[in-house]
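Encoded as structure tokens, here's the structure I'll be asking about.
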Amino acid sequence: MDREALEEKETVRMEAFSDGVFAFAITLLALNLRDPSGSGVSLSEGLIKEWPAFFAFVTSFVTVLIMWMNHHNMFNYIRKIDRRLMLLNGILLLFVVLTVFNTSLVADHIQQADANVAATLYSGTLFFLALVWNGLWWYSTAGRRLLGRDVTEQQAKTITRQYYVAPLAYGAALLIAPFNGIASVAVILAVAGFFAITATISD
Amino acid sequence: MDREALEEKETVRMEAFSDGVFAFAITLLALNLRDPSGSGVSLSEGLIKEWPAFFAFVTSFVTVLIMWMNHHNMFNYIRKIDRRLMLLNGILLLFVVLTVFNTSLVADHIQQADANVAATLYSGTLFFLALVWNGLWWYSTAGRRLLGRDVTEQQAKTITRQYYVAPLAYGAALLIAPFNGIASVAVILAVAGFFAITATISD
Amino acid sequence: MDREALEEKETVRMEAFSDGVFAFAITLLALNLRDPSGSGVSLSEGLIKEWPAFFAFVTSFVTVLIMWMNHHNMFNYIRKIDRRLMLLNGILLLFVVLTVFNTSLVADHIQQADANVAATLYSGTLFFLALVWNGLWWYSTAGRRLLGRDVTEQQAKTITRQYYVAPLAYGAALLIAPFNGIASVAVILAVAGFFAITATISD
Amino acid sequence: MDREALEEKETVRMEAFSDGVFAFAITLLALNLRDPSGSGVSLSEGLIKEWPAFFAFVTSFVTVLIMWMNHHNMFNYIRKIDRRLMLLNGILLLFVVLTVFNTSLVADHIQQADANVAATLYSGTLFFLALVWNGLWWYSTAGRRLLGRDVTEQQAKTITRQYYVAPLAYGAALLIAPFNGIASVAVILAVAGFFAITATISD
């Protein structure tokens, strides 16, 4: 194999690994939904009372889905990888995997006294994830280190600007979380909705 | 990479992600099967009493399998993707993932008073899934937006007609569910069987 | 895409889906291993007492691994797929997924009175899996329906003969199971060992 | 397909299967994190008390990530596979999957009297994994059996030397484990950190 084919193969394999983690994490979210019966209520009452679990499930599902879509998009520009990128990408995936756990915390606590603790962990994880994401992009674009040859300076700059939104939005959610957990989660859902809509308009 | 190669790569990656979710969801169904012993019955008695879990497992397994086969088939015609399609596909996967949870509800409740609630949720999820599926196909075919160049108008129309069956059948299952949960699940199993047989005949 | 490229792509996608299920099922086996402490014994004593769980884990892991290797090998000969093959492959995967559940039954019951029930289910599933496997191969080779053009008649016949071994061996394990559960599981482990050794010799 | 294309396809499929197991195992680690509330403490207190679970999670996540990166790297040199390699790779994956279970043991016991038993199992599994890894590499390089044609003797030797580090380091962790479980886990985390840093420097 020549050098370019090897680079291509390596990048494809890292994308496939990341896709595996994204797909698996998004599916594991379903395990946070639990049969509510047995606690002396009927199934329909129980399911209605369990709305925070569904709320957390949908928020996390859409958030991870949007992330995957953007990850996918980012690697249309990044065409080479090196071990530092693999490591940064690994840390990013660590935060994605933590989201599965955080979602269960939010589902269980959003109606309780410690809702704010759960929301702080949830939004904090997403905030750090967004920082790592930006770090990964900066690393790839600095000196055009890992960009494809046909990516223009203009395209790279546009994306750099777009990526600023996530740490700002999740940072806001993190600031709100200690005071109002449910509002913090609502902000996160709104961010996902915002990205979904702008993505489909700017397409 | 030229534009066509890039489009190809993007489509392949979205298919791979979807395949991951289908494969995980179908495997996670196994976690709904539980060791029946410990409740004072022998293992063989317990397993026989647990037939609803196996019934729900097989119904969901075959349903998700057929969906995967049709998803696979659909992307022989859809050769490009855009972000709106990715989003529609993501919503479709959300309903696939929900099926794992719904299967556990059906397994636990099909012999109880609230069997109909479980069956309504189960068939309702499949009904909405079928609507999203049709929406995804309409979006791709409208003005031949995302179809491959060699797909004929006739082929596209045949598929459009085939896809009408699912929302009708799952809609029927949804209408039956509040009155007779077990009949509703039987309809869903029959739909899967029907698709499996017609698929293999029309091949 | 021309017809051959499309066939190739379809086959690759079905292999990828199957690999996902194999890989996921093999990893889920780890969830059958449980922390033995809390039942009043020390961790080391508990782990030693839990040997049936490790025994079942290793047996299933090696069995699924060998199956995956053979599946992998089979699709060096099968180069096209149709919907009947996809369905047969799906049923095969259903039995693979059931193995995860059966392994937990064997782990929990192999030292108890109903060890034979667990072993019967375990070996019975593998027996039917082996039958479906042979059916899949027969279907693909009949009239060379789905074989690659460069596969010789001789190669196909050799494989047909090799595949007879599995239903015979698992059939034997199934016959033994009602009388001696642990011997039945030992036969299954021996079969995996046999395939592993012959595979590496005949390579 | 010609012989080389077939070899390529086989290698790619084995890498994909391995990637699947790595990705699932790394994501399943999240299931070891549990909601600490309910035991009469607040969520924030509970999460702080649960630090061993996070410590074990991060250690295992980084360890499996580094392994995956090295596995990925190794298969830039190994370009062919045979069934003996597939089997060795399968045993390697068995130890990767066991890491999920071992992580839960470490998380639950690191603060208890039997921390050393958990740490011994954890480091012992990694030690054997490292041995199998070296065996796999020796097998592939012996007589250049499975190496790519363009891999130089010098490159192969450098890697052989690099791979010695893992069994030595995990062997040390194994020797420490019976006396000081937490120090043993710290060594394992340090090894992962060391590989991460050297990998990114030597890049």
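Assorted remarks:
In order of appearance the chains are A, B, C and D, and numbering begins at 1 in each one.
Following the convention adopted for this analysis, a contact is a pair of C-beta atoms (placed from the backbone, for glycine too) under 8 Å apart; a residue touches a chain by one contact, two chains touch by 3 or more.
Remember, it's a predicted structure, so these values are computed and weren't measured experimentally.
Between chain A and chain D, two chains of identical sequence, the interface residue sets overlap only in part, with shared numbers making up under half of the total. Averaged C-alpha coordinates give centres for chain A and chain B that are 25 Å from one another.
The mean-CA centres of chain B and chain D are about 35 angstrom from one another, to the nearest whole unit. Looking at chain D, residues 16, 20, 24, 31 sit in touch with two or more other chains.
A ring topology is adopted by the chain contact network, closed into one cycle in which each chain touches exactly two others. Touching chain pairs in this entry, ordered by label, are A-B, A-D, B-C, C-D. Those residues of chain B that touch chain A in the shared complex are 1, 6, 10, 13-14, 16-17, 20-21, 24-25, 28, 31, 82-84, 86-87, 90, 93-94, 97-98, 100-101, 104-105, 108-109, 113-114, 117-118, 121.
Contacts from chain B toward chain C in the complex involve residues 15-16, 19-20, 22-24, 26-27, 29-31, 33, 35, 37, 42-44, 47, 58, 61-62, 65, 68-69, 72-73, 76, 79, 148, 150, 196, 199-200, 203.
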